[in-house]
Structure formats: C-alpha cells, structure tokens
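What follows is a pair of complexes built around chain A, which joins chain B in one and chain C in the other.
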Partner chain A sequence: MKLTKLLISLLVIAGLAVGLNGCGKSESGPIKIGVLLPLTGPQANFGEMEKNSFELAKEEINAKGGINGRPVEFVYEDDTGKPDVGRAGAEKLIVQDKVPMLAGGYSSSVTFAAAAVAQQHRIPFLVNTGSVDKITEPEAFDLTTNDGDKFYIYRLNPPVSEYASGLEGLLKEVVKPASAFIIHENSAFGTKGAKSFAKTCDKLGIKVLGNESYSSGTVDFKPLLMNARKTKPDMVYMISYVMDAALLMKQSRELGFTTPKLFVGAGAGFTMPAFKENAGEATEGVISATLWHQTLPIKGAKEYYDKYVKKYGGDGPDYHGAEAYSAAYVIADVLTRCNGEYTPETIKKALDETNMMTVFGPVKFTSYGKKIHQNKMDTYVVQWINGELKLIWPKNLANAKFMYPIDWKTVWGL
Partner chain B sequence: MEVFLQSLISGLLIGGLYAIIGIGMTLIMGVLKIINLAHGQILMVAMYVTWVLWKFFGIDPYLSIFITIPFIFVFAEGLSKYLLHPLIEKESILPENQVLMTVGIGMVLVELARSIFTSNYKSIHTSYTDKAWHVAGISLHVPLVIAFVIAIFLTIGLYFLLRKTDLGRSIRATAQDKVAATLMGISSAKITILTYGLGSALDAAAGSLLLPVYYLYPDVGPLFTVKAFVITILGGLGSTVGAIAGGLVLGVAETFGATYISSGYRDAVGLVIFLIVLVFFPGGLKRLTKV
Partner chain C sequence: MEKEKTKILEISKTEYIIFLGAAVLPFLFFNSFYIQGLLIFIMMWVMLGNSWNLLAGYTGQVSFGHAAYFGIGAYAAALPYFHYKISPWWGLLYGGLAAVILGYLLGILVFKLRGPYFALGTLATGEILRLVFGEEEWLTNGHNGILYTTTWVSKYPYYFIALALAILSILSVKMVMKSKAGFYFLSIREDEDAAAALGINTKKYKNISMAISTFWAGTAGAFYMIYMGFIDPEVVFALHNISIITILIGIIGGVGTIWGPAIGALVMVFVQELFRSAIFGLAPHWVSGLHALIFGLLVITVILYLPGGILGDWDLIANKFKFSKRMRSSS
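Our next item is the complex of A and B:
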C-alpha cells in the first residue's frame, strides 16, 4: 500500500516536473535574457538605476505584445562590483538559467571578466556601460579583427577613450588651455581614461603637468589637490565616480584652488543629480563630457526621462539609465528579428544586422581600429549653470551659453 | 613647508576621527576577545540615524550625538545580549563563531539599510559644512575641526569612565582576567554585554561626526571596519591609549603617503603599516605605553 502511494506521488512529482519544464520551453513562455549588474556594493546606486530602466523597458515591450507574442524577461544577477563575483554570475546565468544572451555589465573590470565567460561559452553579450577599450577588442580575447563571427561581445556605449571626443572640440576652439592636470580613480576605467586623455592632450598641444590616481572612497583629497595646485594647471581633468567627484570639487573649493580655467569631469559621476546634491555650491561651473542628456534632440529621450521619474521618483536617470533602457530595446529588436528561434547563434546574427534608433542615439555595431562590434557615437559637453546641467557643446545642439571664463572666487563665494 | 603642514594637520584631524572608531573596536576586542567585524556597519547605522534626524527633524548632526549615542548603545547591547552573548556562554562553540556572527549582523544591517533607504548616496548640508578657515595659507575644514574637538572630549570622558569609576574598573578587570574578575564579584556577563554597547556607542559618535565631512550609503561600513582593525593592531589589542595613538598615526601616515607617494596608494599605506607592525612590532604601540 505504502509503496503504491509512494509510486503515485513520485509519478505526480515527475509529471509536474516535466510539465514545468515543458512550460519553460514552450512557445508561449517568456524569453529569458540574463542581465549582470551591481545591485549591492558601492556601485549599487548605478546598478539600481540600470535595473529600473531595464524593467521600465520590459513592461513597455511586453505591454505592446512582447516578442512575436512572447513576453521578454530579464534575469538579474548581482556582480557586487567585483570581477570574481561577476564572472561567477555570468557563469550561473549561462549554465544554470540557460539564457541565450547576456546584457548589462557596469564596471569595466567586471564587464571584462564576464565578457571572457560569455566568449568562452559562445553566448552573445550586449555590454551597455562597461567602458574600458579592450572589451570590444578581439585581441584581448586571442582573436583578430577578422574573427567577427567568432567574437560574441557587442557594445552599445562608446569606449572610455572616446568619452572626451566631444570635449576635444571645445578645448580646441574655445578654451585653448596650455596645461592640464589629470586626477583619476585607480580602476581600469580611471587608468585607461587618464591614459587616453593624456594622448588627446598631446594631440592638442596641451602639456600634462601631472597624472595622479586615488582609490575610490577616499575621505580626504586635499593632499592630491595640493599637489595639483602646486603645478598651476590651466585645467583639471577628473575621472571619478559620483561621490569622489563631489568631494573633489568640495575640497577644491575649501582649499581655494582657484587658478585653473576649467574643472572638467570625464562623465561618470559629474553629470549625476547626486553630484550636485552632495557637492552643493562647488558644483557651479564644472563642465563634463557626457554620453547623453535628457534635453538632447533625440526622439524619446525626454519621454524616457519623464517616465522614469514618474515611476521611480527621485532625481531621474542620467546616461547610465538611458544606456540600459536602450539596451533593452536593442534586445527586443534583435529578438524580434530572430524568426522565433532564440539561440545564441541566431541572436548573434541578428545583433550583427542591428541598425536602429534608441533614446541613447542610433545603434549599429561597426568595426574600426582595433575594435569590432562597437557602436560609434558622439559625445557631448555639459556644464552646471545656476544649479542645472546644461548642454553647451556641440554648439549647434547647445541649450545654454558656455559660462566662460569662470572666476572661481565669485562662483564659489569665497 | 606649506604642503607639509597642511598634510600634517589634515592627517591629524582625520586621525582624531579614526581614533574614536578604533577605541570602540579595541574596547570590544579587549573584553570580548573578538574582532567586531560589524564595526563599520554599526557606524553606518549611526550615520543613517544622524541623517534621518537631520533630514526629517532638522537636528544638527553634532547635537544629534546625544541621540545617536544612547540609541546605538541600546541597539548594540541588544545585539550583544541576544545574538553574541549566547555564543560566548557555550563553551563548546569556538570563539570564531562569534566573529562569524558579527559578519552576519553586519550583512543584515547593510541589507536592511538598503531596503529602507535604497543605495542612493546621502549627505548632509548645513551652513558650516562647506566652510573652511584659512590660517597662514593652511585650510582647516570647519566640520573636521569641530569633529576633532568633540572627539577629544569623548576620549577624555571615556578615560575618566575607565579610570575613575567602578564600572570602568570592572571593565578593565574583565579585560585583564575574566576569571579573576568574576571571582572578585564582577558580573562578567553584564560587563561583556555592556562593553559591546559602549564600544558601539563610540563608533556611533564617530558616525555622527563623520557624516558632515563624508557621505553615506549602505556599503560605507567595510572601509571603516578595515581602518578600525588596522588601528587596533597598530595600537595593541585592547589598548585604549594605543588606539588613540594608532588612529592619529594612521591618519597622518595616510595623508603623507597621499601627498608624497600617490593618493592611489593611500589604503596601501595603512595596510603596509599593518604588516610592518605585525612582523616587527607585534603587540603594537601598547608595548611602549603599557596601558
């Protein structure tokens, strides 16, 4: 008697398992895409913004009928901002969740580690934030630029060496600084960004007076800033995340570091609402390279910004959010072009053919220099004017007059 | 010379804050004989308490220490009484288990903070947070100076508590020899629980003092746990005077390292000191001060 019961229950369980399994594979279940983001740890703030944007896009896509009638679903994995955790997370998404495609990737070092996993498993990985150059350089994966069909990494955002491309014009045509001091975080993003900006300086005939690093989370930047002040640079170029950026500006003001013509941020932290909130008065006049701004004349940019604020409140997203939101739409577009067959190979093929418009700008994966599968795009320059972030460069898109020259003594109220 | 003086003064001011974080850790280390790996997270809780008091009740961060200190004291005593102490009582459980418990407490605190406040960065702005005094070309950040002065008062207060009161003597006795203290009629259980509260209360004060200078997010803790740990080793396990010296030394060493070597190696400087002390000077500054 007992045995029969056991057998029946076993059968029922087995039946259920088969049934459930069947659901996952059936033609009507959701299409799962893996997303790797820092949801805890010091970068969680950005991870949350990107996750919110992915979710916002997902709801819109699914409300409009999803992918050929099937909803899309994002499976998130927390990389905590550490490369080893990111690696394991990517591994888990590919092996356990069996996703046919990866997205996300916030910090450069984590993204690069995860990219190696994706490449090894031959799973397409659409990177939307990780910016160190080598992510889309096949050389770093022991391939050549001719190996496009073997290279599974695609990137929506520009690499860090191009973050300042918009800035170049402004420096060349308006400011013409003679010297620069570079301050950067000692991460992959910071170090590579500093190196490529030093190269830009060489090209523009700007003398680099110093190139100093710091570790993120520093309480006291004064020693660093004092060293910078001693060299009397025409401009200070900083590659920092948001709170370091805020402290750098705050402490520059405290020290009375008023000699540079410009304080320039390399995107990342300097455009975030939290930067202004935390740096207070010291925000005014700071300029920054940026990849996106809600006032850009791109269709849907402002709408995305408003929808985000309406749904999640707070200060609204910056370019990180726009990258994630656009990545979600690229994924939807790619999946729609897969003709109902969602394997890594069909997805890769569809990615190759991508040519669409997003709130982040046009997306098309091209090859140039050492890079392949890289979306090439313009970058912009913004400035904090009267407490608001205004687009000042390129001139034809600007929505405010570049505040220059800047008398820091009056701006900072010293 | 100007750069040298500025570095020295910046380092001392920061060091004063490090010192009270370190004293809290060392007190706990002395009596409980464990490393409190939730130290930074308790600091984080205190910072959030300070932030909430400032944001929603308009209480000045420096006045709020009168609320954060008792609040964290009671909170940490609860943690100690219901989570840590039961592990101490059981002889069969290795002391490592309490250390693991502090790790667990730390994780829970971080995730609770994240679910309540999200991961957004918070900071405090008052009329004086962005002010600096300039004396002979050296800039003194006003909130840091205030924090330093308050830290000195707190340290003096603690010194009197430990040296001149019965409670203080009991704490020191328990730290020196638990069994002997118990034989002398001291309730070592009570003292153990109380010390965890006291150490955390100092940590809480540091949190309130740090917030106007720094910023706050749920994962801010580990940075300061590491610093507290380095200070405790540098000063000598369980030594209060050693922790004060250790805090100041760490602050100055970090700042000089940042000025004359590179800011990128600021944290490395602390850890190198940590290694040197462990290898060449085990027992830390306590060996010099004997307190």
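Our next item is the complex of A and C:
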C-alpha cells in the first residue's frame, strides 16, 4: 500500500515538473542559439577570439532591433578541444537548452563528432571553422548527396583540402620550389591537410621529401626539425595549432635551420596574434595560407577588424574571428527569414536559401563533388613582415610586396 | 558459520537498498539530461574502478595502464563496425574478451616485473597501444577516430545497461574474493614469494586476477563506444584521463575494499563536474581550469590522512567527526 502511495505521489510530482517545464518557453524572450567552442585547453586562443566575435556581432544585431524585435542570444558550451566533451556539449545544448540551431565548431575532430550529434537530433549546425572535408560529405553520415533535405550540417568556411589553393599561384609563379617537407599535427585536421597538400605538390611537380606527424601539445620539435633539415627541402609546409606553430618556428630558428626558401603554414596557428607573441623573432618571414585578411576589398572587413581591436584590444583578429563574426550575421539573417517560427525545420529551410554578403565574403551553401551545404570561397596568402601580418597573394589584392627570397639569418637576427 | 560457507554470493540488505536506490536515481533527475549523463559515467567508472581494484587492490599488481584494456574493448566494439558494419553492440560480448586476451599476452611480459617496475611496464603498454592505434590508419582510421550514430537519444536504456554491468562487476569481485582464489590473491599481495613457497601457483592466480580485471575494463570500453558513439586513440588510450583517473578512483574510494571503487567513482565524477562547470556557473569562468589542481589536492589529502581511502578509513573519518563534535559541545 505504502509503495503505491509513494509511486502515485512521485508521478504527481513528475507531472507537475513536466508541466512547469512546458510553461518556461516564452514567445518574447531572446532566441537562443547554441555555440560550441574550445574556451579552455590548448585551443582556447581560437575559442576566445571566436567567442569575442560572436558577442560583438550579437551586440550589433540586438542594437539594431534583433530578429523581428526579439534579441538573439548565444549559449556557449566549452568543448575543451576534445571530441567526447564536444559531443556531450552539443547534446546538452540540444536537449537541455533546447536550442533550435548549433553554431561554432572549432577543431575538425570535435566538429565532426558534434556534427553527428546534431545530425542525429535533426538540428541544423552551421560550422564556421572545423575544416576536415568529410564534415559536409553526407557519405560520412550514411547519407548520399541527394539527401540534402535530411542533412543538417552547413559550412561557412572552405574545407582543409582547399586551404592551400591560394598558395598554388605563389609557388608556381614566384618560388618554384623543387622539394617540400610536410610537418603536421596528427588529428583529422593535420592528417587530411597533409594529404591534400601532398597532392598539390604532385600537381606542381614538387617532390615531397618527408611527411612527419606529431601530436598537438608536443614541446620538443627538434628531432623532427633535424630530420627535416637532413633532407634539405626547398620549403617546409606545416599544419599546426597555435602553440605548436610557435614552437616549430622558434626551434627552427634555434637550430639555425635556414636552408629552406620558405616556411609555410597552412592557416590555423600561423595567422594568430598568439603565434607572434610566442614565436617572437622567429615569426618574421613566415608565410601562411589564410581565408581572410582585414585589407581584402570586402565591405565591412576593415570595420570589423577595427571594432574588434577597439573592444578587446590586442593585435586584432585573424580569419577565425571573421568566420565567427560572419556566422553570427548569417544566423541573424537566417532567423529573420524564419517568419517568427524558430524550429529546426524552418531554420534549415532558411539556411538552404541563404545568399548574402558577410565580412568574410559571399555566403551561399552549394554542392560540388562529394559535398553539399558547402560555402565556396577563395583563399589567400599572408606573410609576417616587420611583425605584421600582410596580405601578399593574389597580387591584385595584396597590400604589401612579398618578401622573397628570404635571408633567414638576417630576418631572424642570427 | 558453516552454513554461510556454502553460499557463493551473499548480498546484504544494505546492498539491495543501494542497488534499488541506484535504479531509481535517473528518474529523480528525469528532466536533466546532463545529470543522467553524469550518472552513466559514474557507472562506467565503477566498472573501471572495480577492474583496477581487483588487480591492484586485492592482488597487489598496481597497474598504470588500464587504458590499454579500456581502449582495446572500445576498439573491439568499433572496428567490426568500421570495417564491416557489424553493430558495436556485439562489443559488449567480445570487448571484454578482447581485453582478456590482450591482458594474457601482456601478462607474459609484465608479470615478470614486480612493484614499481610492474607499474612502469603497464604504463608503457597503454602508451604503446595509444601510439600504434594512432599510426596504423589502415586498421583503426588513426586519429580521425571512429564515429557511430548511437542507438537511442534517451539516456535511460544506457543508464540501466551501465548500472547492470556495474552491479555485475561489483558482485563478481565480491564473489571472487569470497572464493579460494580470493585468498590466494591476498596472499600474493602480502608476499608473493611466501605465497609461492606455500605452494600457490602465483603465476596462474595473477593471470586469473588479470583476466577478471581486464574483462571489466574491456566491457567498460565497449560500453563507452556504444554510448558515446565516437572514439579515437587519444580518448580511449589516454594516460591521465583513463589510466590515472582509474587509479585515483581506487585510492580515493579505498584500495582493496568491495565498495571503494563505487564511492571513488562518485566522488571523482562529482568533483570533476563541479569544477569543470565552474561550480555550476556560479563561480567565475577561470575556476573551471582548477579541476585538475583540486583533484590533485584531494588525492594528496587522502593519501596523507586517509591512506586506506574513504571507505577503508571510514572509522577514522567517523571518529574524527565525533571527536570534533564533542570538542565543540564542550567548549
């Protein structure tokens, strides 16, 4: 008897709680969108810049009246740079915070793992940095390219296989290296990036002398660099997050590894202000692929850069910040086109129809090859000249003359 | 006394209540997916803690490489899925077995070592597997990891599977420790040479302890794969996130006690979440960076003041509490 009583009272409490939960949804409060970023851990530098940019955009959007009068709010979840934590975070945002859409996604591994959660829950996920190709390949989620209406992942940034496309011109026309040595971090981002760069080398007739991986967070790169030095490459191509990138250059300088014509980074760590802070003098002359530069002739690019510096100080954002800032504006645009009904389905439909201009460039989700819902973009080349990141390629957009050939002994002050 | 001896397994009233309480627990948090998720992790850590405790706490073979068995269990579930689309659920059957086989093979090497050398040997095996699974891309998909769309969105089925496995792991340790083998384990822990001199086949019994231990570590790994739907070598063969945490759970809860690992798992997950979430968002954000530090301090405190762990030194804690109470009332 007692047990039945207990059960009944438990059921009543349960019913009440469910009812109360339902009442919590209001039609006038902010529209909440979940954002997954690495806010602590080794990738926190990137996460912080992206969060700042999301917040900057949010303030501007809400100051202009928000989404049809309702403010937009970003709910952040820290993925700490680990795929399992990222999955749990995505799940929490979807189930607990009941967001109708996810954004963010920094490292490739975390983004891919979290994308599977979004896909399973049928929640649109606008990825703005995670770059491994398979994120927008339905094949990786047991779907086909014809399943656009069942595929919930969208991507603003180009995939890693296209990062170096802007670099090709510079290599072909100016440097003409005969050989390259590839160094990459060993998670999805680095491995896939290295593979596609090796293909580029084949195409350009550059001989790949070595392809070595390390795990992110390595402190001593000297054995790796000494192996590279032994092969006497014309260029060193590196795919690294920011601390690894800084250490690679610092230790190259310490070793007096001055024989290559070029040190080239594949974006990520090599364009970050934190790279300069940590690599010091060894920053000078380093070239990197990039997806954006504040001097590009895109409306709002320079304004965004200046606003960011004004608000947060420091050295200003690189392409990661621009990606996040633009993602926030794409979200605002998408929500405005939802006609006041903010469900995953209406948002997905609005994402499909997106065709707008952002500070990062035009955004439109298209399909090509194995990919769908992928935004196509040009990539560029930057170089650290006198401690500043300058856009050097393509020539018609460049804001500085590239430094080449480089006498490392002088630029590094050896 | 004579009567009791014939019973292989005895479950006390308190234990029944704890099991029942654990079964009701997720319903109390029915509207918090987040807490339900934590409960599932606690159960997984109970499995791992028990696994380590049998080998280290009861048999005296302190392993620093339980991630090796956890990881091999996870990959045993994941690889057939990755290559042949065989459901990872079968991993619950063969994840444990794969770990037992690995444990036996590694045992041939590491059981030749004693004390700290054994610990270092096991540590190395975990690290070697992490590196090998990261590099051999043709087999394991390397650092890209293996992704699987999980079967259910709801947490309840996972919780009850984890709970059942955790209870079974506790009962299996309890049963073994009541049997003859259990006494042999203890004698090996106290003095391996003396045990051998008394005619105990120490090699055989160390292997038996290893087999049961690795079975639960492998099963926990397979469960992790099924539940999380994503593994990569850095996650499942992690030295500090798996091997070390497993040891800390044993130490905090109480080495060589039946319920120690369960208590250790509870404390560990709670402390970790408390700090990771910056005391549920009440404290400033930087607090979330402190969780490793706080956990380290907790371990130092336990080792210094409660060398037997929370359960092993329960009398000490209870006495202290009584003592300080008396002090307060008298002053």
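Operating definition for what follows: the second predicted complex is superposed on the first by the 388 of 414 C-alpha atoms of A that agree within 3 Å, B and C clash if a C-alpha of one lies under 4 Å from a C-alpha of the other, contacts with A are read in each partner's own complex, and residues count from 1 in each chain.
Assume a contact is a pair of C-beta atoms (placed from the backbone, for glycine too) under 8 Å apart; a residue touches a chain by one contact, two chains touch by 3 or more.
Treat the numbers as computed from the prediction; the structure is a model and nothing was measured.
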Clash or fit, chain B versus chain C on superposed chain A: clash
First (chain B), second (chain C), both or neither touched by A:40: both
Partner chain in contact with A:278 - chain B first, chain C second, else both or neither: first
First, second, both or neither for A:227, with chain B first and chain C second: first
Chain B versus chain C as contact partner of A:296, first or second or both or neither: neither
First (chain B), second (chain C), both or neither touched by A:256: first
Which superposed partner A:102 touches (first chain B, second chain C, both, neither): neither
Contacts of A:48 with chain B and chain C, given as first, second, both or neither: first
Partner chain in contact with A:113 - chain B first, chain C second, else both or neither: second
Touched partner set for A:243, first chain B, second chain C, both or neither: first
From 99-107, 153-161 or 207-215, the chain B stretch with C-alpha clashes against chain C: 99-107
Common ground on chain A, meaning residues reached by chain C in one complex and by chain B in the other: 40, 186, 215
Residues of chain A defined as touching chain C within the complex: 10, 14, 17-18, 21, 39-40, 78, 82-84, 87-88, 91-92, 95-96, 109, 112-113, 116-117, 119-121, 132, 140-142, 186-188, 191-192, 215
Chain A to chain B touching residues, read off their complex: 40-42, 44-45, 47-48, 186, 212-215, 217-224, 226-227, 230, 242-243, 246-247, 250-251, 253-256, 274, 277-278, 280-282, 314
Partner chain A, residues of chain B touching it in the complex: 3, 6-7, 10, 14, 110-111, 114, 118-121, 123, 125, 129-130, 132, 134, 139, 141, 210, 213-215, 217-219, 223, 254-256, 258-259, 262-267
Contacting residues of chain C [partner chain A, same complex]: 27, 30-34, 37, 134, 137, 142-145, 147, 149-150, 153, 228-230, 232, 234-235, 285, 288-289
